[in-house]
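Below you'll find the structures, each written out as structure tokens.
What follows is subunit A paired twice: with subunit B in the first complex and subunit C in the second.
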Partner chain A sequence: MTLSRIYLEKKGKLKSVERALESVLTVANPLLSEASLDLLKAGGKRIRPLLTLLCAEYGDPKRKAVTDSAVMLELIHMASLVHDDVVDDSDLRRGKPTVKAQWNNRVAMFTGDFIFAKAIELISDVDNLDVHRSISRVIRDLSLGEIDQIKELYHWDQNLRTYLRRIKRKTALLMALSCQLGALSSGCSSEIGLKLYYFGYYLGMSYQITDDILDFIGSKKQLGKPAGGDLRNGNITLPTYFAINRYGLRNSIRKVLENKNPSHEQWDSVIRSIRASGAIRDSEQLSNAYLQKGIKLLEQLPQGKVTHALRVIADYIGTRDY
Partner chain B sequence: MSLFKELDLVCHQLCLELKHEYVQTVLPKPDIDRDKMTIYYMLFRMNEPQQAAGSYTKSVMVAEIGLNTHETMTCEKRTDKELLKQRQLTVLSGDFYSALYYYTLARQSNIELVKWVAQAIQNFNEYKCALFFPHVHFGWQELINEIKKIESALVGKIAHQLGFTHVVPYISDFFLLKRLIAERDLSNEEKHTGYFSKLRLDDDDQLVEKLDWEIKSQTAQLSQALQQSENQSELFLKLRDYINLQLPQMA
Partner chain C sequence: MTLSRIYLEKKGKLKSVERALESVLTVANPLLSEASLDLLKAGGKRIRPLLTLLCAEYGDPKRKAVTDSAVMLELIHMASLVHDDVVDDSDLRRGKPTVKAQWNNRVAMFTGDFIFAKAIELISDVDNLDVHRSISRVIRDLSLGEIDQIKELYHWDQNLRTYLRRIKRKTALLMALSCQLGALSSGCSSEIGLKLYYFGYYLGMSYQITDDILDFIGSKKQLGKPAGGDLRNGNITLPTYFAINRYGLRNSIRKVLENKNPSHEQWDSVIRSIRASGAIRDSEQLSNAYLQKGIKLLEQLPQGKVTHALRVIADYIGTRDY
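Moving on to the complex of A and B:
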């Protein structure tokens, strides 16, 4: 089984999710509708809904709550993207103008808040307090993770734990929730739900580390922006952390981060040094270690097609190059 | 405990809830609209014991503050790192507050209230988009009506859902009045929130004059409506007394 095969098999369900997303985002106000639907049409991997739909196969995947959960998770992700583009001052996302670029920051606020509220309204029909406690904690932590990222900008001396906590909040928890909700909304036991939660968590940690590696080694075409964008914005990710603490690049990185106006050449030189050091390889090793933990958990789940599909997704995350 | 003492306690707990060590080093403390807090508390207190009413008030106030935080978003290009950080945290702290209302209400097992707030936030954002990007030109009265919808989007929805639809018009008029007064004061300082930017007025003086007139007219109408109402419900009487107490101090 390949990843494309999994997407193909889930095509019908993913289409239902897509239709539901389109339906909830079509509202009377034309501006809000257009801004939200443009974002939806820009596409994306839909990895979170895919995980929810797959994990629901351990229970009864036909339950309405399954699609609602998948839609809710994608809405939360979309809302965070709209606001992230204001935070990062990004004009393009997936090659298309961002909401803030097409209209302005205020419209981006309205749109993100609107989509987020839609997500909450949708999930409020679920009659399970544990589910609500879990979702609301993840959403709160997600926003705390984003605040941490700003707080820790340009802190070249931050420790590994700080970085890991940040990516846990920023990415891993939502993936963990995607898997857990798939299980719970389809009527699985909380034991299976918990195992899937941790599988999603490890997957998410690996996913974000890979993203942070790709930011250094990806081409401008693949990334849609110059390589090393995170570092240029003061964001210390894992490759930079290792370059500072293991490969003697502390002074050169510190110098460029503390410089008020570093030149393109200075940035390019530091980014080349990080690439050439063993920092990328070390980061890949840590990403892989998380992935292996996730894969190990799969051994504790019923062995069959679904578990195999989750293994394929884990393998894809370990080898993805975009 | 008197109503005002109970409210002091809610306000204190709300401040603790909103506290974020790092955010408060960069952004000013969020404003707490004491009038809104009082009215929410009155609404919840009709059917709930003191503690639950206080907790629900706190949660919906957090949601209000999340929206108000995003209200302060600016649009011009910024290159200064500190100003950029302020903008970034304006987005993120607003998101944090929006997440917090769901988080706290889920812990109080009140998912019904979560739903009402979520629906009201959607309406609020739809009204905002309609106001800032109108498809037709708004005249003065239409603009006033739109602002009224925005200002009481959340509190009006909660009052309605709790079964107190009869007080919604008074609440809406009261918060409209508050906004008009705030807009007039800002205009006097030549500051703008954008609410009246779509109006084709020649200068700020003209806007201040129009707002002055509107404030007087709205105050008179609200006082009269409160006085003439035959409603004798406990909530209405409490609300009437509260608004009557605030009105002379406001305008």
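Moving on to the complex of A and C:
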């Protein structure tokens, strides 16, 4: 089985999710509708809904709660992206202008608030208290992650734990929840739910580390912006951490980060040295270590088509180059 | 019974609410803690928790869910204030600098997100699905109200329904919920809950109209800013609506609102004419009409100390001059 085959098999259900998202985000207010639907059309891999739909096959995937969960998770993800772009002051996402760039911070704020409120509305239909608790913990951690992101900006000398906590909050927990809710909304046992939660967690950690690596090694065309954008914005990710702590780049990175107005040449040179150091390989190793933990968990799940599909997704995340 | 007597009798419980708010908002992140606790210390009348605590006396006020509800409602209120200040571009609230003024829009955004996330966390402990639905509808409407506020800015020719919908979303629904949750969290029947919901709704409508009147007639000292601040920011409230539609001020108000950069004298003159017109009295009459509807509902509730206290609060809202 290939990843495109998996997407193909879930095409119908992913379309239902897409239609539901569109109907949730279509409101009387034209500005709000436009901002939200633009965001929707900007697309994305819909990896979270895909995980939910797949994991639901361990139970009864036809339950209405399954699609609702997938929609709700994607709404939370979208809302957090819109607010993140304000926090990170990002003008581009996937090469397209962000809500805050196309309009302004205020529009981004209320668009995020609205999308988030619609997610809350969907959650209120769930009649499982454990699910409510899981979701609300993830929401709290997402908001803490948003704050970490600012607080830890330009702290060039942070430790590994700080970075890992940040990507856990930013990415891994929502992926964990996407897998877990697929199981719970389709009526699986909470044991299966928990295993899938951890599978999603490890997958998410690996996914975000890969994202952070690609930000260094991707081409300008792939990234829609020059490489090293995270570092240029003061965001210290794993490759930078390793470059500082293992490959003697402490002083050059410190210098460029402490410089009020470094030149393009200074940035490019620092980013080139990080790419050329062992930091990228070390980051890939850590990403892979998380992935292997996730794959290991799959052994404890019922063997068959679904588990195989999750394995294919894990392999894709381990090898994706964009 | 007087209002101060009511506050005095609820002093202990309000203190518990205050302590719970403080503990919820105290987190490891110093900037976030500071912004949130500043907001807490800025105070306010805590009218929503007071209503919840009072309405809980129709049932068993000792239940833990009662304080939790009061805390949760105040958190939602606080989060919406922080985001509103960004949307309204307000630098002062109750004469003190707002979060967005003291720090910036980004800090205001994540502080609001965080406070809101903490509210969601508290909600997740509630095991009543109807309560979840009520809360999430109010959250959605609050976010829509935030958007109306921007969309309808400087629309000098709006109709009465637009204004009423805006203050319903902005203020009345959360007050309605504060009363209803007091009842439901203390184990009252849903009929009593519904009556209190409507009582809170009418009270809230009257409360916001009074706020909008005070913005015109309050002294600079009471308001912490010059009178007519709403209009100066393009926010068309009830007195302006009446001044345009009943007192022949259409052209002068239109002129000042369409002027890119009106002088202080132009503003002051328009605001003086609104104050001098019958628009203030007409607004007071509509505020009072809502209040009377609320008071009428109290007749359908068990007569005794609690109902009397709610009546005192209603009377206070009808006569408050700040």
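By our rule, the second predicted complex is superposed on the first by the 321 of 322 C-alpha atoms of A that agree within 3 Å, B and C clash if a C-alpha of one lies under 4 Å from a C-alpha of the other, contacts with A are read in each partner's own complex, and residues count from 1 in each chain.
The criterion applied here is as follows: a residue touches a chain if its C-beta (ideal position, glycine included) is under 8 Å from a C-beta of that chain, and two chains touch if they have at least 3 such contacts.
Because the structure is a prediction, the values reported are computed rather than measured.
Overlay on subunit A: subunit B and subunit C clash in the combined arrangement. When the two structures are aligned on the shared chain, A:Glu121 is found in touch with subunit B and with subunit C. Contact with neither subunit B nor subunit C is seen for A:Ser273 once the two complexes are overlaid on the shared chain.
When the two structures are aligned on the shared chain, A:Asn29 is found in touch with subunit B and with subunit C.
Of the two partner chains placed by superposition, subunit B and subunit C are both touched by A:Met109. Judged by the touch definition given at the top, the superposed model places A:Ser252 against neither subunit B nor subunit C. After overlaying the two complexes on the shared chain, residue contacts for A:Glu146 are found with subunit B and with subunit C alike.
In the superposition on chain A, the residues of subunit A contacting both subunit B and subunit C are 27, 29, 31-32, 83, 86-87, 89, 105-107, 109-110, 113-114, 116-118, 120-121, 124-125, 129, 132-133, 135-137, 139-140, 142-144, 146-147, 150-151.
Listing the residues of subunit B that touch subunit A in their complex gives 20, 22-23, 66-67, 70, 73-75, 78, 84-85, 87-89, 91-96, 98-100, 102-103, 105-107, 109, 111-112, 114-115, 117-119, 121-122, 124-126, 128-130, 132-133, 135, 194. For subunit C in complex with subunit A, the touching residues are 27, 29, 31-32, 83, 86-87, 89, 105-107, 109-110, 113-114, 116-118, 120-121, 123-125, 127, 129, 132-133, 135-137, 139-140, 142-144, 146-148, 150-151. Residues 27-32, 80, 83, 86-87, 89, 103-107, 109-114, 116-118, 120-121, 124-125, 129, 132-133, 135-137, 139-140, 142-144, 146-147, 150-151, 153 of subunit A are the ones touching subunit B in the complex.
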